[in-house]
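Right after this note come the structures.
One chain, subunit A, links the two complexes that follow: it is found with subunit B in the first and with subunit C in the second.
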Partner chain A sequence: MEIKQFIADFADQFDETELNEFQPKTEFRELEEWSSLAGLAILNMIGKKYGVKISASEIKGIDTIEALYNLVLSKK
Partner chain B sequence: MMKAYIKAVDYYLPDRILTNEEIARLFPQWSAEKVASKVGILERHIAADNETATDMAFKAAQKLFSNNSHLRESLDFILLCSQSVDYKLPSSSCILQHRLGLKNTCGALDFNLGCSGYEYGLAMAKGLIVSGVATNVLLLTAETYTKYIHPEDKGNLTIFGDAATATIVSTDGFGEIGEFELGTDGSGAEYLMVKTGGSRIVNRTGNVTLDSNGNNKWDDNLYMDGGTIFNFTSDVVPTMVERLLEKEKISQDDIDLWIFHQANKYMINYLRKLMEIEKDKFFIYMEKVGNTVSSTIPIAITEALKQERLHGNVLLAGFGVGLSWGATVIRCK
Partner chain C sequence: MKTIFSLEGKVILITGASSGIGKAVALQCAAAGATCIITARNEMRLQETFDGLRGEGHKMVLADLSSLLGVNILLSHILGKIDGVVACAGIVETKILKFTEEEDLMRLFDTNAFSSIRLIRELVQQKKLQNGASVVMISSISGTKCGYIGGALYGATKGALEGFAKATALELSPQRIRVNTIVPGMIETPLLEGSEIGSEELEVDKLRYPLKRYGHPDEIGYASVYLLSDATMWMTGTSLLIDGGYTLN
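Take a look at the complex of A and B:
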């Protein structure tokens, strides 16, 4: 599992945000297109694609894509 | 074997409109643009204080008859889908038989379902027709969820609107009703619920607790665990569609138009991407109405008809409170 692929899967949940805005250090809540629904879609994608269940409360303390990736890794 | 068809469909919206600008004024941390881009809804209609779901079902049916006056006399069954009926008893459908001036040989029953209700209504109407019990069924959907929503519940206030629809299912019409795939998972009942006011907890409690996501959960108001409903939908809908296509012996490419329950634009687009459905075959109509529960699909059908987009195989799929889901294919001329 590579962070590059994870970022691509993360970016797939957005329609309008430029791809280069998705970097490991990107604070995803600061993205213009971010919403709680996008958060639900990302958790759902992680469950489906990575087989890892992350709850909405677990993601609360996570700010960057990299930190989310590390959380997924730690649960695999 | 006798076949069943959708013959006519129309809908009614209450007068009062709640705009995104008003929502942004009520909740200053939200902008109107943000609301619009998130959920794809610009405005929703709100039933008046003295206007019930049964009143709206009456108006939807009257509107349908005003364009098809000859159909009123032919009706021999009423099915009303609503979770906001007038009384504990009698059924609102019985009251509507009288208010609509339908003959006394008309059967009538209410059924309590939400976002999957239209598919269940079509399944029952088809059953009544194919078995020879009825010939012309008036299927009504009517909901006033906005009366259940707590005034501080900005999420649900943004999504839901009130509406009613009227459909005539008959032995002829523009769309033949095909196979069905229906399902239920009552273990998820608590995730979309109005807890008090029924026989289990008769009186309002005034209780509000925090759910596992830190959102308010009011006993006396509509509660929806958005995350669980999101996951449920993305698990259930692709499998339901796959099974339906197997029953129909057709493939995904054979579907000319997809009409999903219009939950919110973000979520149904997520489903569309997940299921690799072409964007131009995926019908969305919610900007001016919002999520009207059991009425979203018949409203979308009415609008698709106006836009002349109902051709070939049209797949309808509803999912939500229960938890409950249902899908069917309509073969349009």
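Take a look at the complex of A and C:
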């Protein structure tokens, strides 16, 4: 599992945001397109593609895509 | 003192009785004087409900109602006829449509819709419902009054129950058997814990309810007692909305 692929999967949940805006240090809640629907899509994507269940409370303190990636890694 | 709302002398079957709404319904039915037959899949938690039932003569049956075999196992333990059934078995899953898969569809419909529909069909076919009995199904505002993000399949299962209840109410009316649904808004149950919805989001969501809180499982229990009692002998095909005013907005 590589962060590059994870970022691609993350970006795939968005329609309007430019691809270059998705970087390891991107604070995803600051994205203009971020919404509760996008948040749920990310959790569902992680469940389906990475087989990891993350609850809303676990993602609370996570700000960047990299930190989320590390959380997924730690639960695999 | 026996009131019109008493369930004394009535035998009531409650599914999904091991936790949440089903557990509260069972406890309230027993408190109202009913003899309860409670069923669920989890033995330990079902035993907890059973131990909490007031009065004597109750029965617990472990059964998985997601198959006809499971339903028949349950019905083999029901020797006479019953005076009422409250179908509470259900699960909540929050998944947006584009991530749902065939197995999600099957699992949700099996647990939330088909298990209750199958049970009631078998109760009718095997003539286990007393004339004048009351059938109660737990529906939801989601799928019947409104929807929520990630709730397409869940809502679809609850809509299915509503449709089933209307036609069945007509078909069972010659036997004076009533069929009604309870349509709750969000209820504080263990289903909410560990879900994809965060606790802060839940607190914000509560404020969208004019009565500023989610419902308590017991409040669905009280409504069930009402629909099972002789007070509602002229009510059938009704969807009893209990939502803290949520759908007024």
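Observations, loosely collected:
Just so it is clear, the second predicted complex is superposed on the first by the 76 of 76 C-alpha atoms of A that agree within 3 Å, B and C clash if a C-alpha of one lies under 4 Å from a C-alpha of the other, contacts with A are read in each partner's own complex, and residues count from 1 in each chain.
In the analysis below, contacts are C-beta pairs under 8 Å (C-beta built on N, C-alpha and C of every residue); 3 or more make two chains touch, one makes a residue touch a chain.
Since the model is a prediction, treat every value here as computed from it, not as a measurement.
Once the two complexes are laid over each other on the shared chain, residue contacts for A:3 go to neither subunit B nor subunit C. Using the contact criterion defined above for the overlaid structures, shared-chain residue A:31 touches neither subunit B nor subunit C, since it reaches no partner.
In the superposition on chain A, A:12 makes contact with subunit B only, while subunit C stays out of contact range.
Contact with both subunit B and subunit C is seen for A:56 once the two complexes are overlaid on the shared chain.
By the touch criterion stated above, A:67 is placed in contact with neither subunit B nor subunit C. Residue contacts after overlaying the shared chain place A:41 against subunit B and subunit C alike. Set against each other, subunit B and subunit C differ in how many residues of subunit A they touch, and the higher count belongs to B.
36-37, 40-41, 43-44, 47-48, 55-57, 60 are the residues of subunit A that lie in the contact sets of both subunit B and subunit C, per the superposition on chain A. By the touch criterion given at the top, residues 12-13, 15, 33, 35-38, 40-41, 43-44, 47-48, 55-57, 60 of subunit A touch subunit B in their complex.
The touching residues of subunit A, when paired with subunit C in their complex, are 36-37, 40-41, 43-45, 47-48, 55-57, 59-60.
By the touch rule above, subunit C contacts subunit A in their complex via residues 94-96, 98-99, 101, 149-150, 194-201. Interface residues of subunit B, counted against subunit A in their complex, comprise 34, 37-39, 155, 212-214, 226-227, 230-231, 234, 264, 266-267, 269-270, 273-274.
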